[in-house]
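Please go over the structures that come below.
Same chain, two partners: subunit A is paired with subunit B first, then with subunit C.
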Partner chain A sequence: MATLELSIDEDVAVSAVARTRRLGPLFWMAIVWMIVVFAAAALADLLPLPSPTDMDMLARRAPASALHWLGTDGLGRDELARLVYGARISLTVGLCAPVIGVTIGGALGILAGYFRGRLESLIVGSMDVLLAFPPLILALAVTAYLGQSLLNLTCILGVLGVPAFMRVARAATLTLARREFVIAAQALGATHARILLRELLPNVFLPLLAFFLLGVAVTIVVEGALSFLGLGVPPPISSWGSMIGEGRESLEIAPRLAFLPAITMFLTVLSFNLVGDALKALTDPRQSAL
Partner chain B sequence: MLGFVARRLVYLLPVLVAVSLLTFLIASLLPGDLAYVILGDQATPEKVAALRHDMGLDHPIWWRYISWLGHVIEGDFGRSFRTGQTVLQAVAERLPVSFELMLLAELGALVIGIPLAIACAVRSGGAFDRFMTGTAFGMLSVPAFLSAILLIYLFAVELRWLPATGYVPFAEDPIGNLRCFVLPSLTLALGEWPVLMRVLRSDMITTLQEDYIAMARAKGLTPSRILLVHALKPSSLTLVTVTGINIGRLIGGTVIVESIFALPGIGRLLIGAIYTRDLVILQGVVLVVACGYVLMNFIVDMLYAVLDPRIRHGHA
Partner chain C sequence: MTETTLLSVEDVAVDLPTPRGNLRAVDHVDLTIGVGRTLGIVGESGCGKTMLSRAILQLLPKKAKLSGRVMFDGQDLAQLDPERLRKLRGRSLAVVFQDPMTSLNPVLTIGTQLIETLQEHLELDSHAAKQRSAELLAAVGIPAPEQRLAQYPHHLSGGMRQRVAIAIALSCEPKLLIADEPTTALDVTIQAQILDLLAREQRRRHMAMILITHDLGVVAGRTDEVAVMYAGRVVERAPTAVLFKKMHMPYTEALLAAIPKIHAAPHTYLPAISGRPPDPTRPIQGCSFSPRCGYAAGLCFGAKPVLTVAESLDHQFACFHPIPAPAGVDA
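So, the complex of A and B:
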């Protein structure tokens, strides 16, 4: 649909100057935060943390102490440990789902943009059907039927990302396919496979990467929303979304239980958005003159 | 214009059919037999077989799809096997709540977004513009459930100005009804205004560089007249489109916000159906929402064409 076609272009018009300026300290702070969260998630088992699932009914909603650095939650579980292990879930889903999306969507987009014709109509048409569902509704419905598990959640969110990646790849391929180096390759008798893999793919890769980071941010948010509603990863595994959901119950007594995961999630999403946006500004074909 | 509408309508039909097929397939192909869900784990094979026969589950899948689609076209979306309510009744009861929420949210977003966009565009690159652009960017990283928690904490827990949850029908108590909607719609508006502001701001900056704006200035028109009368309408094309695109996000946000603030809308119907595994309601609601979404996009397309003649004549 014509209106949907514009969805990825909505903020392109912001001037290039304003964007390059963002590659300043904020960009690097975002990188540092991402590294911290990644390291914490990857090394969670090695860190000297209490167990995220051990309950201590005598120390429910305990304030910060030497044993529990950020206190404990409503069931006496260590808040910091739950945050760190929650980062694992959020990042696993947040990274794996866009990988599915970028692989399928990227491949379809390059094929559609290069071969055009019926194949393109078919691909674009089927993506339009997928886009006819509000994403969260589709995710909710499919999880309801498939059952809640980490794998199901990742696959669903991955498939939901396919149309967006398809469009980015197709838009980039459409412009690239008319460029001299592709025509030259064709004139030299290169096979379709060679042109697709050696000429187009490396050039489509960067815009896709920038969009991938924005995809990670969106996925973390959607995973958080599902977990918040109790329809994400099943308990007792902690996820930032489910922690915020649990913290909401004790908003009057211990607001930090909702705010700590909320701030962590906000900073992480913001970091991915900042870095993705900066990369997008650098790689957007509309801004780099040919 | 008629030709354009016809072309879009022709495109609309296959999409709607595909949407119904996908909705049906999600519900039918995935593991878990509806008969078992209804009868529970303790059901005898005979009972299950009988119910499967009654519900037509023993027919081939294409036949089931055709007969289901036939019923849907006649307006029969099925009946909840938990509450006995028809899907249509349940949806009709709850739709006004969701509509009111979305309408108020979109209004709120426009009320926040438009003035800020104009103020930013007038002095683009200035301190206020940079500050607001940054704020808008940050706000885009705040999911609806985060701002909901924040607003509840601020206005319901700390200040105690507004109710955290609850719903009063408009007919009973209009003021109380609106009070219930303040926090939910503000939650959604907080997520929407940055998108609207960014789009309108950049369009407005482009418009303000046009010759006819310089002409209007030269004629000595007041700045407010130039901005509101001469610049706003031509700058609001993308705004209309984006408002349309955002309906999808807004519907998703509505689901979350309704369940947080306990508003009896479509979103809560959906979530409730998932919790109780009421698959008929779930299938019906997904179909209604998806079709509604497709139709809304169609309407936005039309609106866009009315505003911009170039779309009508090009091959949009």
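So, the complex of A and C:
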């Protein structure tokens, strides 16, 4: 029996090593960048940064200096401080909106995939309606009606994400609900609630998490697009999208004002995508058949 | 039959609507099983064995239609309200499925799966449930049960997983265990171990067992009674010893002949049953086995034979041209 124990422990250890090796340097670079961005956003108030809203009209579009590490923007505000405080907005919206999406969409998807029938038709049908609605028009209409605020922006983007999460959760549940362990749970007298929460949810969780990270990346881009169009957070609060929008006016004189936030957004979105893809590869259904 | 009846399946039929028409998976089956007895249900793939077991458990696909009565312990399972049925499943009725690779939840530990079942039905506190789980794992022959509780199904081999599935099924001391091809997905060397384990636990707990298989050899030494199914019907039913001594149904004979004999000379031709079972969505007029039967003639193609009593009351067969007794092939 002792030999049996040993061989099992070794198997586990080997697979764990292989897993970290497979992730590769790109994955770790993405993780490092995400940590830097998150830390900067979280600790923005503690960092020795000038105020992101103080205007210095004498030093408009000033180049990089000891005082302003990345120079100043068209209104003489510190570019680095605006980037860091902008990260707050972009990340808050980028994380909270997919959380709304994954919660509502995931729940609806699992219910639809498990109960099937009329409930499924209703859920899938209403999601199709939501998908058919042009997202920008919806965002425009809602902000025009409810006003521009961080909360409204997050809610709109969250609701827009619900159909995608619903589809992922439903697809995963459909295949799982036919597996024998669900029938076995029923045969053991499990309630619907127990099957949904204990048998299905843990199995659907990993594909949803991987998709969540991709959702964060998409949301950051969409938030940028909305802010660029002036539908995002109201000024003078900065977000990466609104900074790109403001930088557009001085593209010929100081292109960095548009490119710096663009590059920051690009790297952040790329990081989320890389991490999400790595997780998706790890939770590939072909491997979870183990 | 002197013993008290635990389960009686009365005139049960299962219809499944398919795009190609109505599929009668189980065709008016009558079966009984006494307390502590073992019934083997034998037949080839697609002859309705699994659908019959699902019908007993009331776990048929949503679109399936069930008629007839499933009397278990004095109540008709088909009429029972869902909540009482749910409490009965797992507690009094348990099932072991064919493939242990898919019948355990891959993302929960074995301990979680065992303990939750115990707590669901027996209202044990977590410490007692854990202790009982370890005892159950030990009872089904799993070494180091305490450590196993923290492991996931993919840490275990197929045979070990089936042992865990059996432990979960046995956890609440069911009165009836349905083993649906419990060894089909396993290595040949493990098969005998699992079957012996089932037989041992069945005797020890004095529970009734329905052993579903396509292998007559499996039921030979391990069941009290055998029902042979073909195309959704029971075509022969007898106490195991009687069946092997003097079978009447040509299908039973053909099934038995298709088992490779250990004493046969090398390269002996194995008499397989030619053809396939009839398409269940296109029922034929005569005996379902007639297109493949060597004895078929005349009436076999025109009418369906009904179950008739042979020499003894507990031996029944459905055939117009029964094999005259004694024609038993030595198993």
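A few notes on this one:
The working rule: the second predicted complex is superposed on the first by the 263 of 290 C-alpha atoms of A that agree within 3 Å, B and C clash if a C-alpha of one lies under 4 Å from a C-alpha of the other, contacts with A are read in each partner's own complex, and residues count from 1 in each chain.
Operating definition for what follows: contacts are C-beta pairs under 8 Å (C-beta built on N, C-alpha and C of every residue); 3 or more make two chains touch, one makes a residue touch a chain.
Remember, predicted model here, so these are calculated numbers, not experimental data.
After overlaying the two complexes on the shared chain, residue contacts for A:Arg194 are found with subunit C alone; subunit B is out of touch. In the superposition on chain A, A:Ile35 contacts neither subunit B nor subunit C.
When the shared chain is aligned, subunit B comes close enough to touch A:Leu251, but subunit C does not. Contacts of A:Gly117 after superposition on the shared chain: subunit C is touched, whereas subunit B is not. In the superposed pair of complexes, A:Phe181 makes contact with subunit C only, with no contact to subunit B. Legend: residue contacts after superposition of the two complexes on their common chain; A:Ala262 is shown touching subunit B, with no touch to subunit C. Comparing subunit B with subunit C, the partner in contact with more residues of subunit A is B. When the two complexes are superposed on chain A, the residues of subunit A that touch both subunit B and subunit C are 1, 4, 11. Touching subunit A in their complex are the following residues of subunit C: 57, 59, 62, 86-91, 93-95, 97-99, 101-108, 116-117, 120-121, 143-144, 147, 151, 154-155, 165, 168-169. By the touch criterion given at the top, residues 1, 4-5, 8, 11-12, 116-117, 179-181, 183-191, 194, 198-199, 202-203, 206, 288-290 of subunit A touch subunit C in their complex. Chain contact summary for the complex, subunit A toward subunit B: residues 1-4, 6-7, 10-11, 13-14, 18, 125-126, 128-138, 140-147, 217, 221, 224-225, 228-229, 231, 241, 244-245, 247-248, 251-252, 255, 258-259, 262, 265-266, 269-270, 273-274, 277. Per the touch definition, subunit B reaches subunit A in the complex via residues 11, 14-15, 18-19, 22, 26-27, 30-32, 125, 130, 133, 137-138, 140-146, 149-150, 152-153, 157, 195, 198-199, 202-203, 206, 238, 241-242, 244-245, 247-249, 251-253, 255-256, 259-260, 270-271, 273-274, 277, 279, 282, 286, 289-290, 293-294, 297-298, 300-301, 304, 311, 316.
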